[in-house]
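Listed after this line are the structures, all set down as structure tokens.
Look for subunit A in each of the two complexes below; its partner is subunit B in the first and subunit C in the second.
Here is the complex of A and B:
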């Protein structure tokens, strides 16, 4: 499992979600271009927890632009967060995240399936039943075999190097199975069974109670075997959703038009308001922001927020700021504190680091209040269902650190005058360098002397900070780190960074410092818990236990500053996408 | 015995010293060629301006802590109160330039740009000087050996020079600076990085001086005074050190002076690419690299950029003047 990519350096940051409702000044500035339907009042964070400009009016063209390009439009081969949001316009998976603002948007609802998955007793077998009347864009009916074929082809990592690997890793594939191109006509019913055209059964190698989250990922979007062209399929993906490709000019952009064979009766989740969707790719990022502000395009599809240049225009101007939303992402920027490096093997020395760290400096390193993030006091970002923020190491009234407490713990650790250690960071990431500099400054106040150790990011986890023997040998007491989850769930967020069993002596793990047997046990326990609501307290318990051990210094929960599109209706941010929900949008 | 300070290949062969001294004693009061060169150099106002700038730079680098104490703030000290916390750029106009912060403050942390530029001079000049010294020593040694002994030795060394000149230096430097661990050869931290940069830059620029020295040696060794020394029974070390090297001082000095600015630029390039001295130690190239992220705050790039520009220009002007003074026919 690798973390979901963000298109650019996640430009992020700002006020707590709770402030959304009361934030911003009431103004209608910048809304002059609108004619139809009364303009809703533009407010800072107006689309964060509720629908901005709600409407059911159909028709019109939505214009998207991308400063880069998709990794691939093929559902088996894409791993960008924005792509998983956008792909739902031309593809339907077994389940999907509800198209709804705020926390409601993080719930999984059935899409192609009539209902959520039915697990067996041991959570190793999951069964879905398809709805009636489903059709591809060419009118051929969608069967469970098309879904099974789509998942099978997604396991071919040579043809599709980009896509998520959860299903490849967790299903019980025949030994040596390499997808339908190489392992032609190999029976893969040990992994996926399709007893009839409506039923599909997944067999897992291990129990997993959150399988519905995996079923919403794009590899379960059906692909007709007859039309599959392998690596070239990305040039014309056969639509199962409300829109289909009209033309696709690779490197320049593409256009989507209505799919005549999509039946709204089979799809309660997609309003499908616009008639046409135009996408331009490889647009200069700063130019894109300017056109966004002028209304020439509607949405920056990457959804990571505006560039610094635009930010310096927007933030001082109340009218422009009122047209922005500032969601918290499910991404934590943090610093691992390695208990394998002396004197950090002593918990009091680790606590001294947590107390002495200047949290406002950490926030500033990532870009400040609006584009950096919200100061984090624990691991789980608040938008993950069930997350309850807590603070075991309050860093003073102004957030710059509690030096008295830090000194107390240094004394308890037997290092009253501080100690020396190193801090690793990824050399290519200026924000991580700034973090290291900020920590160097703030820890020096209690005598903890840090030496900066930049490492190339490509090998950061495989050879350096993520390789336990290297950490010990080179005394990398601290390592700047970060993690974003692939789906809004405690397991997806916490497991890779706190389960000690993901640590490999040969390197490569994002978990650098957490080795707590109790936490491992709690993960095992959670896999057997069917009720999502009952799993939530487990995530909080894990979060608390890790913080008690003082092996992670939480920095900020990332935020992004999104420019709210002008002239669009039904604009909102859902907790699953952490950007505007592209399925809901309509034109004024 | 002193050999005449001259560049070979000239139309007027130097007369034996005794004759020259005897004939012109009254007219030129025994001024040596070195003195003549110094006179010429003094008259060259552009070169002298370069020299003054160089001296000032060296003083600044040596007394950096003192200067920063008087006119600035410690180079690593944060001044976050000077920074707008939402956009991370300086609050005050013109990048916060004031009497307190002569060159303004850096975005993000508000560090004093003046202090960082002053401290940056230390790293830049130290690395440039040491690297030049290293390449001069290697280049002169191998150049003289190649030129004097000729034959197989010459072929071997000349091909080695070709290889070094054809080497993709920047790529190699990035790779080498990237793989060397934090502690090696009994050094660590900044000392190791400086030593490494000196080695990389110095070791790969010796062929420039080596080629010049070899060429000069080739023509010098055919000259009469060398033949005379040989016929008197002088051995090779004596001839190299007493007859050839003094004649090579001028070209070596000129090319070493012109190599320094190249090395300053190279160090800046490596720091810009993030393989130089590690942060937070200030370097001009490193500051430029950071400034590139804040193109809305042009003053941040201006001062380290100016520092590099002025230093390189000063060394180039001085080097040119020195060449004119030592070898006026090159004009």
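Here is the complex of A and C:
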């Protein structure tokens, strides 16, 4: 889904808010202090909205482990959320997400740049000025040309297939430009200008008021042209951040040590507490959890939470549970209700589905309260800045549905005894099958009969549930769906699933059911609004309008159970990372 | 003897060629028969944001549009003469023997395999010593004390060893002897130190995987040895040896055990060769970065060149192990003469 989301997002540009980066926390920032408060008392969710075990004590080794491996350590070539969190330890972008707990962590602050970008009046040109005293790990100064070169090389998708494409798609590159390797010596000043060593100017093809969110992405981390080895650069990325590579064995792990040329005076965002960072990759996932619990490693770098085996050990044990945090992610598991399929073209029939659905069953299908998620009543997860949860279709005091209301609406839509329709889900996903079965049982209570229709996930959107003619012909009234945001922003979360213009008759869109012209206009309006705070009411209005039309049945906002080993300091979860903020961490 | 070795070496090379063809067909022909297009096969190498155009270009660059025989020829040429790949500002060399090039990690496979081999070899050699000593020793004692309590108890434990899979015994051993509980004395998973860096630490980190792996194999060897010894000790030449006044220890070790060892050597050769090719479950359970874990990770990531590389290397080890076993027959059993 992510792949499709990104591709579509690239076309429509504007997405670019937030993502997964932030830097030094105001609560822990600064390099001078060497104080460590007594270890804080561990309790469940202690690091969810505040700093757990705050400290400015430097030194020690922090140990990360990964049950998989990075797509790439090259800033131009990585697209995992955890990688965007981690990369800030050895790379600095023009801007970054503030390293702070909770909602404060979703704000963008300057990093390499002295300030946030200065837009032109039409929001098509953005200018940044670099700080003084910036250096690479080899002591050579970082200039605006190094940033421009880094962005230019990231457009070569054959060499760097994994990275985000926002800057490739939104900047005004020369026609046919394929990056500095293939389009050697081609002047790309139509996209990026560097009038001097401190200034960098970006030229967009269309207005975008949220460019600072793009500027915090890893492709703006500087790369010295003389040290660029193309696809092999991942083996030794030249550091611009507080740590640099000492050793890198791809497939096994790597070690970071302090970068002697990183000057804390140029970096108010990173406390850089540990002396050394060791990372082990491709570790057995269950072994990793057990080692976390025994204190042998400090952080599961993937940040997606412990495995079911560890969960069954942690949740019944109050001492272990006190060492966990259970953040709600910016991901919604939901079911699309298609108004193009009769009788769901009638809004009352759709509302009957919303009232009859058993939300607790939905939650159980995804794994329950801790690993499955929080019952969702609307679209935007609570951690999206400005999101205001609401509930237009209360499902009763126990969350199992309001059958009386459902029958009322069935009568209003002329189907007092219910109706029959189909529900699509991805065959390879047991949780989606369980969801479809839970809905089948709960809707049957009011006479709505669902027939389960599994489809292969690889073609789910392109050939089946996301292809409008197929949906109508095969009466796919309901389709189990899901969506996650790359960045903590209403536009990034809502646009691909509620803007009707992303729906293609040939298939491929995650938006299966939302066609509301009023919503489309609200998105256009948001692109011209420079103030992020003023954009927030627009996202809530869109969310409410979609729910009023009853074309989406929200299921759960996903959650993860993160283990917080003893001995870690400055532990917190920021809304931008949705996992522990790696820039702030230290060890006792 | 020399002729025999040369003949076996030629046979080994032919065997490896057949294995390489079969492996190549499995990874490149079967997907095409199943309907995979060159672009579809290339798409896994061009990342999550790739357009159809990028996948098409990658298919051309990777040569997936060429006839299969051409692709195989290119692979064999790489093994013999090396290959080159053009990425970014420079050309990436994959020196001979180029067993493939991972387009996901952008690295030649062979150096990766050589980097992992010491881990797997360390695991296999330590476990082999334990299981041979324990398995053969218990087997001999059981045979000599047939029907005793020791015999029954040993064979019961052996049955358990054969029956319990590594992913169970491995996890239980970690839970009981590692992971910071009161009985912990062994290293947790994921720790490996080279022998040259610190022999003591090397052994400490590997003792749990050694014992776990040896438990599985020792059981088989104990049962094999017991059966072999029971049969051998009833042979006429054993009676003759006793009749001519040899001591019982000499009769058992020099005449009895030597005769019973032949099938054990055969099985050991195969087992050890296979293990060197990758102790998949053990390395996964203990997060050891050896060839087995490498293979599992490659399969998970659908990194076919890596899977092919590790398959071929495993085949090489099995073939070599078989060759050594055949040569050892002559040493162990005087009745065998190589011709």
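As a working rule, the second predicted complex is superposed on the first by the 551 of 588 C-alpha atoms of A that agree within 3 Å, B and C clash if a C-alpha of one lies under 4 Å from a C-alpha of the other, contacts with A are read in each partner's own complex, and residues count from 1 in each chain.
Basically, a contact is a pair of C-beta atoms (placed from the backbone, for glycine too) under 8 Å apart; a residue touches a chain by one contact, two chains touch by 3 or more.
On a predicted model such as this, the values are computed, not experimentally measured, just so you know.
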item: Touching partner for A:308 - first (subunit B), second (subunit C), both, neither; value: first
item: First, second, both or neither for A:451, with subunit B first and subunit C second; value: first
item: Touched partner set for A:280, first subunit B, second subunit C, both or neither; value: second
item: Touched partner set for A:204, first subunit B, second subunit C, both or neither; value: neither
item: Which of subunit B and subunit C A:252 touches, first, second, both or neither; value: second
item: Partner touching more residues of subunit A, whether subunit B or subunit C; value: C
item: Partner chain(s) touched by A:65 [first = subunit B, second = subunit C, both, neither]; value: second
item: Footprint overlap on subunit A, where subunit B in one structure and subunit C in the other make contact; value: none
item: Complex contacts: residues of subunit A adjacent to subunit C; value: 2-3, 6-7, 10, 65, 68-69, 71, 77, 79, 156-165, 181, 228-234, 249-252, 280, 282-284, 286-288, 290-291, 293-297
item: Subunit B-touching residues of subunit A, taken from the complex the two chains share; value: 308-309, 311-312, 315-316, 360-361, 364-365, 367-370, 422, 427-428, 430, 433-434, 436-438, 440-441, 451-454, 456, 474
item: Touch list for subunit B against partner subunit A, complex; value: 76, 78, 80, 83, 85-89, 108-109, 178, 181-182, 189, 274, 278-280, 290, 293-296
item: List of subunit C residues in touch with subunit A within their complex; value: 45-51, 54, 57-58, 61, 87-90, 92, 105-107, 112, 115, 171, 174-175, 178-180, 188-190, 284-287, 289, 293-294, 297, 300-301
